[in-house]
Each structure stands twice: as structure tokens, then as C-alpha cells.
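What follows is a pair of complexes built around chain A, which joins chain B in one and chain C in the other.
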Partner chain A sequence: MDLLSFARGPALTFAMAIFVIGVLWRLIGVLSLPAWRDDSPPRKGAPPAWLSALQAILGKMIPHKTFLKEGMFTTVNGYVFHIGLAICVFAFAPHILFLKSLFGFDWPALPNGLIYAAGVITAGSLLAALVYRLANPVMKLISRGNDYISWTLTFLPVVTGLAASSHIGARYETLLALHILSICVFLIWFPFGKLMHAFLFVFSRGATGIRFGRRGAQL
Partner chain B sequence: MTAKTTASGVAYDMQGDKPDLARRDAAMQTFVRDFAKTAAIHMESCVRCGMCATACQYYVTTGDPKYTPINKLKPFEQAYHRHVGPFAPLYRLLGLGSNVGIEMLQEWESLLFDACSLCGRCTLACPMGIDISELIKEARHGMYTAGLVPDRLELMDRTAKAWGSPATPADDFADIIHDAGEENDVPVNIDLPKADYVITTAPAELTEHTKALTDIAKILNKIGVSWTYSTEGFEASNIGYINGDLDLQEKMTRKMIDNALQIGAHTLILPECGHAYGAARWEAARWYGKPIPLRIIHMTEFLGELVTTGKIKLKPIGETTTFHDPCQLVRRGGVTQAPRDVLKALGLELKELEDHGSLGWCCGGGGGVVSNTRADPLRFKAFELKKKQVEDTGAEHFVTACGQCRITLTLGAKKFKWDKKVESLLELVADHLVD
Partner chain C sequence: MKNVQSLGALMEERGVSRRAFLKYASYVASLMALPPAAAAAMAEGLAKARRQSVIWLSFQECTGCTESITRAHSPTLENLIFDFISLDYQEVLMAACGEAADAARHAAMADNKGKYIVVVEGSVPTKDGGIYSAIGGVSNLQMLQETVENAFAVVAVGSCASFGGIPKANPNPTGAVAISDLIGGKPLINISGCPPIPEAIVGSLSYILSFGKLPELDHLGRPKAFFGETIHDRCYRRPFYERGLFADSFDDDGARQGWCLYKVGCKGPVTYNACATLKWNGGVSFPIQSGHGCLGCSEPNFWDGGGFYRPLPTPLGATGTVLAGAAVAGAALGLGASHLARKHQKNYLAAPKSEED
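This part shows the complex of A and B:
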């Protein structure tokens, strides 16, 4: 079995299994913990819990203006690499073909040139995030190994993807195999580190939304 | 009680004579003991973006990264991951994150108690919606059990246990009420066997703001309802809530509510105190164990209702004012409009602070910080933020609705020789009642 067959076959299957089982394990592990029953009477006119949660999930997409004075870079750069990653993952024709093989449906792709540009911008944005993490005293202090591992494993699929699509550095088959293997490692790490925020943000924002909504407080 | 400093020169206090390891384990175990779903979700969700720093008055005014709110939880990350998180067995198996020693907890004591007023502004800044302030309150539970809280706060804790209040022995309460009544020439009710309204107090009213005791009496007499103060359950500022002493929090909650129910009250009015509102309005049912058949309402909400329903009329002042939003009342309590309704009824033109309402800066003294003298330098730093924003409004009056905020801001004004009186909303209402 050559490297590409290994990457596409057993490696990817194993990685996806760990991803699914790990994500479910972590979510169920947290969500099955007992909750404090809140018997305090809600404020008159308080929205129902589901609406408070939804408002928080959507509302926290945009920071309050006052926090942007110091948090502008984090916010804007965060948007850049999240949107860039979403474009690269979900709008590139070969990725859509792969996802169709998993889920059975597809959607239109963006032109390859645009995807390439998004990939370059994403890589640049991720590098900027890393430099900021290493240079800013607050970021440096609060960063853990988790942050650097998660950064590396997000960055690798982007650069190997760019290398594969531009045929730079090695044979295409080798580059593609490395790209897929980097995704495998990303998927295996995903449930254990902070990449899980892609799922957790819904629950985290929602829970505070419910708490604040009951009180009639603004989040 | 012993005042000491860590090897890196950070002051800490320590109570009791537990060995270091037992202390460390007590802190960790208590932190995770009552861990519920929301706290666990929040411990899982941090993406280490640092946005919370931009919201914290102690970070913003000092520029010291150690005051970043999420950093204040560092020793407790380990406890969570090793004992509660979904991968706890893995953490223990691999020996991950077991580097918290007693020295670290001693160092973190000041971050959790001196450099956090539980104001919750960080919660609003967190893009993941993590209620960091609530997690810090959980961490304080651990610190209390470990005997690692500032001596001044522990002293208040012991006093509250012995006296029923951190401010005054319950035996003296009736005298304080009578004296205030005589001094201000307002008829007062104390220990009536039955009443519809029970009025509670916080230390600020029993010490520096005794006029507030008769201000509310004057208003209640005016609207002609049956009301009383009560020696058995007068203390609403729940020091257990602030210190992390859960047994005391439950005891004080039950005492106040059982007493009001025994009197047959339908409404318990909380004083102008922010933490009293958090403890009694939003957490009491948790400690009471069931829904409470009693309306618990903050003084400001009560005043808001009286003016909006026309039950009281006020003489217009006709000047400008700004308003300091007490964090527990507004940001974490949702009472944003009521104080503004009252100011309007007073004929005061409101000039809002640059950051106001749920985004207002803390006075700097909440969460026990004002009582913890060790934190004075930090508190005064935080005060400078508020001072500047108040000056920028150019308002003639500076009003708030929390006695502890008022004390904190007055201390700040005194320190900086700032000629600005911090006024109480309740006092303004009582002084401008139309006869």
C-alpha cells in the first residue's frame, strides 16, 4: 500500500472514527453532568430559555464596541481565518466531492483561484495569530500547549493543501498524501483540544444566554 | 490568621493549621465538588483569545497580564480536568496537569480576592460566552475551604456567624433602627409580628449610611403599607456568597427568608446593595431548595415601581446627573431601567457615562474588595477609570444604588481629593417626596 492509499484509506477512516467518538464522548461527558435547578422566578417578560440561548449564540458573534478598543486585532483576525478556513474546507471542488461521498449531497464549488487566495490569506492570518500569541504578554501568559498544538494542526492542512494544489515541493501524490495525513492528525486531536470550541461555543454561549435571559440582563 | 508573602513577594493570608497538602486538596476538591453542567461547559470552552483582559478594570488600569480574568482560574484548570472533565481518567493516567502546589494557591489568593470584584464584565467580553465571574466564585469556594482567603474577609465571615451580620450584633439592631428613627424624625417599625413588607439591610446602612434606614421607612409610611424591620432576619448582604463560604451562604439565606415567611410578608425588600441582590434574588432558591413563596425585590426596583405606577410623586430637582450602575444589580441582575425611571421622576437629566448600563465599569470594590484593605492600591487604580468617565459627563450629580459602591467611590474621591459627592438614589427619593 502506497502512502496515498494509506492516507485515503485506513488513516482517514481511523481518524474520522476517533473524531466522531471523541466529539461525542466529550459532549456527552459534559452535557450529562447534573444541572443546578434554577427556581428563582424569571424576570417579568424574560424570553423563553431557547430564545435567550439563541440570542446569545448569535449575539456573541460581534463583540461590544467598548471591547474592540484593545480587542480589534483578535476579533478581525479571528474572523479572517475562520472564514478563510470555511471557504477552503467547504467550497473547494475536491473537498465537496469527498464530503458528498460521506453525506450524499453536494453544493456548488468556488473557482480554484479563489480557494487558493483564501488559503494564502488563511495561512497568513494564522501566522499573524501565532505571532500575536507569542508576542502579546496577555496571550503568552494564558497560552497552553493545547493552543500551540491546535495551531500547528490547523496550519499544516492549510499549507499542505496549498502545496498540493500548486505542486510545490514534491510529487503531487506525495503532497496530497501529506495533506490528507495532516487532516487525519487534525481530526484525531480535535476532540481533545480547543478545536472542540467549534461545537462547544453553542453550549457555552447558550448556557450564559439562558442565565442572563432569566434575569433580564444583557449579554 | 497569618499574613505572609510568597517567594515572589505576593501577600497572602492563611487560616487554620491544615498541612499544605491537605489545604491544596481541600481547595481542589471543593472547587469540583458541586460542579454542575454550566460550569463544566465553561471550563471546557476557553479558546485563550485574551479578550477578557480588555474588560477587566484591574488589567486595564495596571497593564499587568496576570490580572487577565481567565488567568485567575489557572490553578483550578487542573482540578477540573483531573476530576470532572470527560477525559479525567486520561489526565490522571498520563499524569497531566498535576503541578498545582500550595505556593501557587497562595499566590493566586490575591488574584481571586483582591483583583476580582466579581463584576462580570469579562463575561460580556468573552466571545465564547464563558461566565468567568461565576467560575471565580466557584474558585473562591475552594479557597475558603482551604483557609486561603484575605483575613479581613474571613473576619467578616466569623463576625457574621457570631452576630448574624458582619456589621453589628443582632442584639443592637433594634437600637440602631430606633436611633435612626429619632435622629431623622421618622416613625420606624421593628419586630412587628405580622407585616406585608419586610425590610432588610446591608452593612453600609448599619454603619455609614444610617439615614437610608429611615429613608425607606419614610417612603413606606407615605404609601401606607404594613412593614417592619426584623431582628431575626435583617442581614441581606450575604458574606458567604462573597467569601465562598457556602454553609454560611445557605444559613444566611434561610434565616432571612424563613423569618420573612414567619412574619407573613409577601415582599422582602433588599437594601441598596448589589451582592445582596445576587445572593437573594438569583441564588436564594438554590440554597432554599425550592421556589420561595415570597417576592424578593431590590430597593431600586421597588422605587422604580412606585414612580412608574404613580404611587409616589417627587419634587423635580431640575439638574443634571450621571449614574453608576452597580454590577450585581445591572450587569448581572438585569435592573437597568428602574434606576433611570427614578432619576427621570426626580427631574434629573441623565448624562450617561461613556460605559454604562451592562457595560459600566465596576466601582472597584465589589466582591469584598472594598473590605479587603490589602487591595486598596488596586482599588484606587480602578477608581481612576470611573472618576474620568464621571468628569467627562460634566454632570452636577453622581448617583448610585448600592451602598458598597457608594462607600468605594467615596473612599476613592477622598483619596484623590475629588470634590464629588456620591449620592444614593433612595436618599434622593426620600428627600424629594411630595407631601
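This part shows the complex of A and C:
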């Protein structure tokens, strides 16, 4: 079995299985816990729980004005690489074909030139995020191995994808196999590291919103 | 057949001008992407060379590779046979048969010891002593070993000879193997394809004849001149791939517009061959130009690659079943973890509290 067949076959299947097991384990494990009991009565004019949750989820997409200036770089840079990653993952024709093979439906792709541009910007933005993390004393102090592993495993599929599309460094099938293998490692790590925030941020923000909203805090 | 006369003398005798000879050498040199100066060196090498004795062995194959070489348009097979090589044994093309044919093979081996080239078409069955394919009671395995022993070089023609091909495909009932697995350290060129491009066969033979050595090969033993780039990189439909324009089926509007066939299973991006540049039947067309995706036939294990119409980005194997099982396992683990957490909470709340609590 050659490297590409290994990557497309057993490696990818194994990684996806671990991803599904891990994500469902953590999500169902958290969501089926007993609800946090709040014995205090709801404050006057407190919005319904669903509205508080929604306000927190959407409202916290932009930092509070008190922290806006201070956190401008992390906010803008965060949006750049998140949107860039979304474009690369969901708008590139081969990726859409892969997702179609799993879910049974597809959608139109963007031209490759735009995807390559998004990939380069995303890689640059991720590098900037790493430099900021290392250069900022507070960020450096609170960073753990989990953060660096999550960064590395996000960065690798982007650079291997760019290398494969531009045939830099090795033969195309080798680069493609490395790209798929880097995604395999990403998928295996995803449920157990900070990458899981992609699913959990909705619930953690929502739960905080419900708790604060009931107590009359403005969200 | 003894070939004592040089090719140059032979050509002159037959009225072939030096200009025509140089033209041919230039064509072959350009086919192999050699520098311009190499054309003159090639012509000189060819002129000095003796007619090369070639023994063509056919094993587990469909004769498609022979069919292919008979369609070589420049040089034609006739040119090759009558002018440059002495095809001393080729079961399909030779007039002799039976014991006479085999005697020709043995005579060629004796007369050209250490100098003849063995071309092999087809894979070799090795299971049960190689009994699944034999010629005149001699197994392919035995015939290959006997013939290759004193050969100058071996040329594996076609994907079956190069990589095992269809006979080696899962479940490989005859234990078929590629020629490279059986000839030890003998110099070998793989000219893969199902069938291979005829110009790649005659071009490689001409190169050996001219320079007395093998052309530059890739990691799979294929001449880089013909297998140096992917079909996708040289495909005239590549601009449609870059623009995200694809045929979704073989009869939709995209297919009629001639858009990229990536979504209908084209393996061009991972297939190294010269189909998109040399094309077939004298440069008339190639599969993608005729509306069908590349099958990847010049790559190892192409028959077991997950299906001709399965797009390249799709995972191989029974992903759906595995993921369904994973979902059930993940949900069970989640519910189990939650149950344990509730139980732990209940026990904690029920336990008598110490004063510190």
C-alpha cells in the first residue's frame, strides 16, 4: 500500500472514527449533566433563557468596548484565520467532494485562485498569532502545551495543502498524502484539546448568558 | 540472427539519407526532452550501433501492449524492426511457431550473450511453482529467469510487467508479481501504462541503442522523459479545474462544455504519463480529450485504487459503517460519563459534611 492509499484509507477512517467518538463523548457527556441549579429568583425584566443565551453567543463575537482597543489585534487576527480556514475547508472543490462523500450533498466551489490566496493569508495570520503568543508576556505565561499543539496541528494542514496545490517540496501524491495525514492528526487531537472550542464555545457562552441574564446582568 | 553491420551502413545501403536519419534522431531526442546537442550524439550513436537483438516475452497479459507498439507512428514498428532492432522472438508478430520459435529465442541468446535486450509484457505468476502460465510446458517464471540471465537490460512494458497490473489485483489468485521482483539487479526500465504509449516504448529502446545506457528514471524505474509530469499538469482541461468548473456526470452541461472531469473520478492529478502531451494514435486524442477521466493506469495498484469513478478526495474503505459505529460508541461513552458524574454528585451530596465543608 502506498502512502497516499494509506492516508486516504485506514489513516483517514481511523482519524474520523476517533474524531466522532471523541466529539460525541465530550458533547453528550457535558450536555447530559444535570442543569446548574440557580436558587435565586429571576431578576425583574430578566430576558428568557434562550434570549440570554443568544445574546451572549452573538454579543461576545466582538469584545466589550472596554477591551476593544487592547484586544484589537487578537480579535481581527482571530477573525482572519477563522474565516480563512472556513474558506479553505468549505469552499475548495476537492474538500467539498470529500464532504459530499460523507454527507451526500454539495455546494458550489470558489475558484482555486481565491482558495490559494485565502490559504496564504490564513497561514500568515496563524504565524502572527503564534508570534503574538510568544511575544506577549501575559499570553506566554498562560500558554500551555495544549495551545501550542493545537496551533501546530491547525497550521500543518494549511501549509501542506498550500505545498500540495503548488507542488513545492515533493511529488504531488506525496504532498497530498502528507496533507491528508496532517488532517488525520488534527482530527485525532481535536476532541481532546482546545480545538474542541469549535463545538463547546456555543454551549459555554450560552450557559454563561443564561446565568448572567437571570441575575440581571446586561449582556 | 547475427547483426554485424552497423546501422549507419545498413541505412546507407537502403538509401536512407543522413538528413532523414538526423531528422529521426532529432524527433526521438525531442520526445525524450533531451538537449538539442543530444540529437547529433544520438544520430552518431545509432549510426555506429549494430542492430539490437530484442527478445520479447509475453506472459500474463492481454497483448494490448503489443497492439500499442504496432500503432507507433514515428518511428513505426516496421522502421524499428527492419532498421534498428532485430526482433528475434515475439510470439504475436513472428512467423515461426512452436519449437522453431523457441529455437529462435535460444539462438538469439547464444549469439548476443550479454548484449540483447529482453522486453517483457505481462506479469509472472509465482504461486504453486508458477504453473498458472506456461509456454510449451515452460513456466513464465522459468523462461524469464533463463532469458534474463545473459541480457544487457530488461524493459518491462505495460503495467502488468511493471507493477503486476490486473493479474496482481486483489485477490491475486495466481500470485502474480512484477518483473522487478524477479530479475535481481539487472538493469530495468518500467514503461507502465495499460497499454503504454508506443512512443515511450520505441523512444526508450532508441535511447538504449544510441547511448548504450538506460535513460534517466524516476523512483518507479520509469523514464522521466515520459513519466516526469502528471496528466493533470499537462491537461488542456486544467484551466477549468482552477476555475472550479467541473462536469458532475458524463452527460451534463459541464461535460458538454468540456469542463474538468475531476468530480467524475479522473486520476490525472496523481498519474504520471505523457498521454496529455504525446496523445495516442499519432497524436489524435487521449482519454480525457475523448470525454473520460484518466484511470491512472500507469501507476502501481491502479486496479485496486477504489474505483475509476470515485473522485480522488473521497476516503477509501467502508467509512460510513465505521463512522456509524464510532457515533454509537461516542454517544455511549458520553452517556456513561454523564451517568458516572451524576452518581458521583449524588454520593457527594449525600455524604456527611465535615466542619470544613
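The rule is simple: the second predicted complex is superposed on the first by the 214 of 219 C-alpha atoms of A that agree within 3 Å, B and C clash if a C-alpha of one lies under 4 Å from a C-alpha of the other, contacts with A are read in each partner's own complex, and residues count from 1 in each chain.
Everything that follows uses one rule, which is that contacts are C-beta pairs under 8 Å (C-beta built on N, C-alpha and C of every residue); 3 or more make two chains touch, one makes a residue touch a chain.
Nothing here was measured: the structure is a model prediction, and the numbers come from that model.
Enquirer: Could you tell me whether chain B and chain C fit or clash when both sit on chain A in the superposition?
Expert: fit
Enquirer: Would you check which partner chain A:69 touches, where first means chain B only, second means chain C only, and both and neither mean what they say?
Expert: Once the two structures are laid over each other on A, A:69 reaches chain B alone.
Enquirer: Once the structures are superposed on A, label A:162 by its partner contacts, choosing first (chain B), second (chain C), both or neither.
Expert: Neither partner.
Enquirer: Kindly classify A:40 by the partners it touches after superposition: chain B alone (first), chain C alone (second), both, or neither?
Expert: The answer is first: A:40 touches chain B but not chain C.
Enquirer: Which partner does A:123 reach: the first (chain B), the second (chain C), both, or neither?
Expert: After superposing on A, A:123 lies clear of both chain B and chain C.
Enquirer: Contacts for A:17 in the overlay, against chain B (first) and chain C (second): which applies, first, second, both or neither?
Expert: Only chain C; A:17 stays clear of chain B.
Enquirer: Contacts for A:88 in the overlay, against chain B (first) and chain C (second): which applies, first, second, both or neither?
Expert: Neither partner.
Enquirer: Counting touched residues of chain A, say whether chain B or chain C comes out ahead.
Expert: B
Enquirer: In the overlaid three-chain picture, which partner chain does A:175 touch, first (chain B) or second (chain C), both, or neither?
Expert: Neither partner.
Enquirer: Identify the partner contact of A:112: answer first if only chain B is touched, second if only chain C is, both if each is, neither if none is.
Expert: Only chain C; A:112 stays clear of chain B.
Enquirer: On the A-aligned overlay, A:211 touches which partner chain: chain B = first, chain C = second, or both, or neither?
Expert: A:211: touches chain B, not chain C.
Enquirer: Across all Cα pairs of chain B and chain C, what is the smallest distance in the superposition, given in whole Å?
Expert: Minimum over all C-alpha pairs of chain B and chain C: 6 Å.
Enquirer: Of all the chain A residues, which ones make contact with chain B and with chain C?
Expert: Touching chain B in the first complex and chain C in the second, residues 25-26, 28-30, 33-34 of chain A appear in both lists.
Enquirer: Can you check the complex and tell me which residues of chain B touch chain A?
Expert: Contacts found on chain B: 35-38, 40-42, 44-51, 53-55, 59-60, 65-66, 68, 70-71, 84-87, 123-131, 134, 281-286, 288, 290-292, 330-336, 355, 357-359.
Enquirer: Which residues, counting only chain A, touch chain B once they are in their complex?
Expert: Touch list, chain A to chain B: 25-26, 28-31, 33-41, 43, 56, 60, 63-64, 66-67, 69-71, 74-75, 78, 133, 136-144, 146-147, 192, 194, 196-197, 200-201, 203-209, 211-212, 215-219.
Enquirer: Over in the complex, which chain C residues touch chain A? Could you list them?
Expert: Its residues touching chain A are 230, 232-233, 241-244, 246, 262-263, 269-270, 300-301, 305-306, 311-319, 322-323, 325-327, 329-331, 333-335, 337-338, 341-342, 345.
Enquirer: Under the definition above, what is the set of chain A residues touching chain C in their complex?
Expert: Residue positions touching the partner: 1-2, 4-5, 8-10, 12-13, 16-18, 20-30, 32-34, 93-95, 97-98, 101-102, 108-113, 167, 172-173, 176.
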